[in-house]
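Next come two complexes, and both contain chain A; in the first it sits with chain B, in the second with chain C.
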Partner chain A sequence: MGVVTRKKLFSTVALCAIVVSLFLPIVMALPSPATGEEAPVAEGAPKEGEKVEKARDVYYKTEGIVVGAPAPKTTDSPTDYPRYNFESRVLIWFANQQHLYYGSFVLAVPIFCMIIEFMGVMTKDKALAKRYDQLAYDFIKISLTAYSLTAILGGILIFTFLTLYPTFFAYLSSIFRPVMHIYALMFVAESGTLYIYYYGWDKMKEGFLKWIHLSMSVILNVIGTLLMFLANSWIGFMMSPAGVDEQGRYLGNIWHVIHTALWNPLNLHRILGNMAFGGGVVAAYAAYKFLAAKTDEERAHYDWMGYIAMALGVAFLIPLPFAGYWLMREVYAYRQQMGITLMGGLLAWLFIIQATMIGILFLSTNYYLWQALGRMRGAERFQRYIKYLVFLMACGFMVFITPHTMVMTPAELKAMGGQQHPVLGNYGVMSAKNGGINVIIVTTVLSFVWYMRGNKVPTVSWARFGNIFMGVFFACAYINIIFLAIYGYYIPANVRVGLSVPQVASTLSCLFFMFALNSLMMKGAKQLGPIEWGKISARSQYALIMLATAFTWMMGLMGYIRSSVRLFWHVNEIMRDNSPWAYTHTVGFAANVISANVLFFWISILFVFWLGSLTAKKAPVEAKVGVPGAIPQPAGSH
Partner chain B sequence: MGNLIVEALSMGWMALAILVGLLIYFQVSITDPTAKKRAVFKTFIGIVSTFLLFIAIANYKMNFYGESRLLPVSLAMITATTFIMALYFTNLSALLKIGGFMFFVAAFLSGYGNWLPQVEGGFPPKEEKLDFSSMTPQQLADEGEKIIFGGIGKNKEQGAIGKGQCPLCHAFHAGMLGERAPNLLGIVNRAKERIEDPKYSKGNPAKRDYVVKEAFPGAGTAENAQEYIAESHACPSCYVVEGYGVKGTNDRESPMPPIHKPPISLSLPELVAVDVWMYVREGVEPPSFEEMIKSYEKFIPEGERPQLQENKPKEGEASSLMADGSEPVDQIFAKAQCVACHTIPGIPGAVGTIGPKLEEGTTAAQRIKAPDYKGSAKSPAEYIMESIVDPSAYVVKPYPDNTMPKVFGQKLSAGALKKIVDYLSQVKAGAPPPKIS
Partner chain C sequence: MSALNNPIIAVLVSLVIAVTYFTLIDHYLMEMQGLDFWYLFRQ
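Let's turn to the complex of A and B:
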């Protein structure tokens, strides 16, 4: 075993040990993880000889000893809902949303850094490796100022809760007491690791130390992700409580309280969402720098940065609808009425906006990729086919946003003659909508494949066969998705639901097999010309900004939907909201508040970018741009 | 528009004054004609843009809580402002264009949200205390229809829904939507067949192949149609109609929540009312009220029976609220006793003469403009709100000051105040009164 290999092995083992030790506090805090057996006597529980009261868990249906007080019954009074001369709900909404935006950003960026730093370490091309390393450093630099803002906003959020919703927050913290402390301690660990990671960058840039540095980014991300999971457990509990009885009394099993019905789907959805959002923000930063650049060199660097951020963001955007689908399925499984309120009831119009936005996100991504073909010599051959992709995407988009049943006012119902539109009501069933979004995603995959092939021609001996196979594979995927979308109209609703599985399978097969096969075919491919970084149109940069803004807006929208589906409950079915704001706002009002949140975030983050530019500047590009070999190959960036 | 301009000027006059000062300074101090022209022109563009910006902010400020769906216009105006500025301030061009573009995206999405039909989720249903036991079957059926559909005679209206939330999943008429749960047409007769289904395992719950075998230990199974209906409400997973179970459970578990538990929490008499409606609409005579209550008591243990008035506020706290906003506006006026002193067109019994007649759709705007008006309201809605929470801010002549109590800000919830303001702002002199909502 060579010295280097041994060192790698040692660093891996050390890393694993550190990661495992990070989980220790959580494991220690769990008296009976996940098994659902009866909880042991917890702190504060009656001692031997005293009368113990047992109750049944509302979700797990296990029996446990009552150790908490029942959920308070609030009234519209200054004790439970003290207020300013303004709607408290809007204030808490604002504080929450800003904290979430920054929180998502600072959790996503270190994951990017980890991926990019790893790519740099693994790349054999020294110049390219340096560029990746510099890029990762630039990313973490941006997130550092945002990090302290996140903490400040977290403080503001807690104060807002304490001052405007004291009774509710007291109840929540009485249940999550240990989790909240672990959360705070992990935040300390996160800060420490982040500072060592950032300030140790130059000291740990070679050999074994570089591996240690890279390992630290893994630790940083593990802590960050756990932090998010813990925070998610609070909202999971508010939506689908567990670990308490029907009166909201805590039954001593903290794992039940954390591991609620919606916790895991929320975790997955948020990780992917954060990544796509982080990609969007960094891409917008790069776009801003690109548009403001004075030299070709700067333009080339920021063009490249924008591309990498966009590609990473989109890589996580593509599976996001599937994670969303899982979340919704779990919502339906947990409470059918909750699902219907979301998708076919009070909040259904918001989902129409969401569908529109998903369409916008994918259209912007594709538009960027088509524009990006322009900076590659040899990509002209694909240009004339783009109109067909536009056609496919437009069709998919129109089907995707067509509603089936909607909630309406009596006057609207009367005008329409029923809950379904006389023409549109025949369309818009779920299988067709799934067909629409799957066509959009498959088309995006196709755009990416074309982009990866932009300036290259495969030279492998089986290239012809490979091309035909890929063509047939894509055609079959389209046919399968569209056929099932239409077939859904001929079968009952409960059978139709099952069609999503083969549709999604087609899309995912395209995603994984086609990318893998294409990468294999592009090995040693003949280059028709270099990628001229910086030679992309300014319009493409606006596509990136569109992507970032639309993503921020969509996050705001979905957060609002997720939160307002509880209707008049602080904790669903356990603690009632008796404030004067226990009603659901109109779509228009919500849209206005979301816009205000989005714009506040962007104005403040532009300020953060500006602050970042004040720090001592490192040379942005050390490797010379334009030299063949120094230019990152797009295929390797995916 | 006039109000908007006045508001914009009152907010932004200092910024505009500085810019005008700069304009004059450049005009006087710069000697080079080309440089002077450029500086003056840029400052002029700055003035126009700043003015537009303040109009946009004023629009937001004045209409934030109103029914105006034109707030996104403000965002579009800011977009235009930034793009105009980007043309002339080339150093900041990239930043301004990006900012403007972001405002444009937000304006588009906000506009889209405002363009869609506006649905507002109402306040949570208030538990009313009704004496169901002394009602006739028809009265009970009416109450049942209200619980299911939200109103009497609404059962054929697609989308009508009451606090029971039944039509979210169930259909009640042939051919109506409701694919997630069985159509309940004919249920009172079909119930007899259901209990004979071998899967139902009448009399032997232990044999049942469902996630839940009994509503509670010892509850047993239904012996007649009414008990079957009661059991379906209290323990939906004790028997699941084929094809309607939770996906993946092979119809062993029902997605329906127990109706006597949160979030729906119907009391036993309310459940009975729902059942009576189903009997009556099919022309079948329902069992007696007591028998039906007993059928529910068989499947719902005492500790689980929801108590009416469960959410009644604690003494001395919100019980001091006169109205919480869930009532129709005429009731709010009555509860707050506005009707005793004011004449309010369209509100029954509101013929008081101690205070002025409330035709605020006409009078509010005039009073704001009155020379002796010293309040801070800028719009009729703000004026009405001010008059309620701070009646002395402006006293209509010849009525005396300090007659109207100053406690309404504390005694009425925000929702109730909003309803009052909405109603009064629509009452116009000489026009028919608005509809009560």
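Let's turn to the complex of A and C:
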């Protein structure tokens, strides 16, 4: 048997083994088949002759046999809440947040790798294909060290739960026992696949083996996504419990426990958020390397890497507010009071901070794109129009961050005649804010379209009509979004809430139709000059770092908001939090803890990057093949 | 295609397409939610 055939056989067997391992946890979770043996009685399940107790599911309203113990009623004692001379909640907050940052990063980066590796396989330009492949390899290399740290942080998190919140964790693990085991097994499968994927890169770089390698990245991401879904089921259960009765007794249906009211919105929101966050972190890494680069070659490579990471991140950032909107809608549908606490009550000011961060994210992205036009000859023609985009962005941003009511002294309150400002107060409602954010997103789409056209002029016979149509379509989209925002003031609230859907559709229409139209128009377009990678202002790189920092801060903020909406409940309306820390922190304290988390994450990830750079120095010369030169032209990249 | 490359015709055609499209999504996406987009105009 030849070496190549042996490699093929081995890699195919490895792939099959990975696929099988993917199903193994499910097989293990199945009930044992009837083999004549007496099945072991499940713990908590009624024994023979014992009266079967039935109860009603708090969410699904179905009847089920009680197989679990009621949720414990905790007291403020060392048994239920052992502690150090420090607030336990802040410790668990810190452990959770750090694990989540790294978890998000290591789930997002392999998805990028998969996309970039696929682009490399599909592209016909061999030099470009090698560069994509090298880029994907660089990405996975960064995530590998971070992966170990994620596992360590996961261990720290579990120990923190066990030592500081033992009663609550015992209850949660009694409900989620099979899920937690499946989670652990999936983690093993994920680790195995990741290591084969990384270390097999050079061995499986061509032909059939490359496809096997690519398939492994798909499986790696399927496992990673499932892991995240399982972890989401725990927080979904804590916010909107299901599968238990009103005393918190498990009713035997594990799917009900997993599939809670908020599980799917959380899944979507988190996967998009992770991708945007991962893109931001890799873009910041590239920006740092760009700023520290000593040669034009290095600058060109890291400029390109930063652009790709930013573009992927922003591709997921654009739909993120809509996923967030869906999540909030489901929160309102589940418990209206919870929604009001979030957006109109105790936590509303945090949403103003969140709106500011979202605005900063989009402003930074646009600023980067406008700066990036500078590396293309022919893009000067767009420069004079940028001020109009700045105007639109600024207007949308100001409306988006306007609070409904102000925090004021009694004298200020008296001078203004009430809590609401007579003019600005009008912008504090959802109708205006939906208009504001949609204007910001449409403007970002427009910036992208300009960037894609930077150094090109369409040559298709219908170019003039295409340009006019695009201009008119964007103008009509802006008018429709703003009209719907104003219209919302004149109709009742129950009709008004529905207006957000056509507003979102207007934005998404611009995104999909205008990108498609632009791509059609750019086929065979005349190039005015090459893209001069590396020839971009340092300011643009700081914008990328800003983008990543804003992502990190916003993730911390939103995690805190989502968690603190439970107020004094461990599990909403089922298990009460009786620790001394069952209160909502001040906005200032929460912001300080979030900032400390962000700072710690960035310091530790810099360490990870530094470790990665140590390996890079030892990399064989062959691995450097394909690093872009001073003036590369990855035409297919955009 | 040559007629469409006339700026006035192009603007008119684009306007008709875009206005119709956005009116349709406003109307049908509200209807799908069981809501009346023309609520104010029917009063």
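By our rule, the second predicted complex is superposed on the first by the 551 of 638 C-alpha atoms of A that agree within 3 Å, B and C clash if a C-alpha of one lies under 4 Å from a C-alpha of the other, contacts with A are read in each partner's own complex, and residues count from 1 in each chain.
Methods note: a contact is a pair of C-beta atoms (placed from the backbone, for glycine too) under 8 Å apart; a residue touches a chain by one contact, two chains touch by 3 or more.
All values derive from a computational prediction rather than experimental measurement.
Trainee: So, A:S509: does it touch chain B (first), chain C (second), both, or neither?
Mentor: A:S509: touches chain C, not chain B.
Trainee: With both complexes overlaid on chain A, does A:T549 touch chain B (first), chain C (second), both or neither?
Mentor: A:T549 contacts chain B only, not chain C.
Trainee: By the touch definition at the top of the document, which applies to A:Y487: first (chain B), second (chain C), both, or neither?
Mentor: Only chain C is touched by A:Y487; chain B is not.
Trainee: After lining up the shared chain so the two structures overlap, which partner does A:L520 touch, if you call chain B first and chain C second: first, second, both or neither?
Mentor: Touch status of A:L520: no partner.
Trainee: Considering only touches as defined above, state whether A:A170 meets chain B (first), chain C (second), both or neither.
Mentor: Neither: A:A170 stays clear of chain B and chain C.
Trainee: Check whether chain B or chain C contacts more residues of chain A in the superposed model.
Mentor: B
Trainee: Does chain B (first) or chain C (second) touch A:S461, or do both, or does neither?
Mentor: After superposition on chain A, A:S461 lies in contact with chain C alone.
Trainee: I'd like to know which partner A:V52 touches here: chain B for first, chain C for second, both or neither.
Mentor: neither
Trainee: A:I352 in the overlay: touching chain B, chain C, both, or neither? Say first, second, both or neither.
Mentor: first
Trainee: Please report the chain A residues shared by its interface with chain B and its interface with chain C.
Mentor: 492, 494
Trainee: Residue numbers of chain C touching chain A in their complex, please.
Mentor: 1, 4-5, 7, 10-11, 13-15, 17-19, 21-22, 25-26, 29-30, 32-33, 35-37, 39-40
Trainee: For chain A, which residues are in contact with chain C within the complex?
Mentor: My answer: residues 461-462, 464-465, 468-469, 471-473, 475-477, 480, 484, 487, 490-492, 494-495, 498-499, 501-502, 505-506, 509.
Trainee: Quick check: in the complex, which residue numbers of chain A touch chain B?
Mentor: It comes out as residues 73, 75-77, 79, 87, 246, 284, 287-288, 291-292, 332-333, 335-337, 340-341, 345-346, 349, 352-353, 356-357, 405-410, 412-413, 418-420, 492-494, 497, 542, 545-546, 549-550, 553, 564, 567-569, 572-574, 576-578, 580-588, 590-592, 594-595, 598-599, 602-603, 606.
Trainee: Spell out the residues on chain B that touch chain A in their complex, using ranges where they run on.
Mentor: Going through chain B, the ones touching chain A are 64, 69, 71-72, 75, 94-95, 97-99, 101-103, 105-107, 109-110, 112-114, 116-124, 157-159, 165, 168-169, 177, 179-180, 243-244, 246-247, 255-257, 261-263, 310-311, 313-314, 317-319, 321, 324-325, 413-415.
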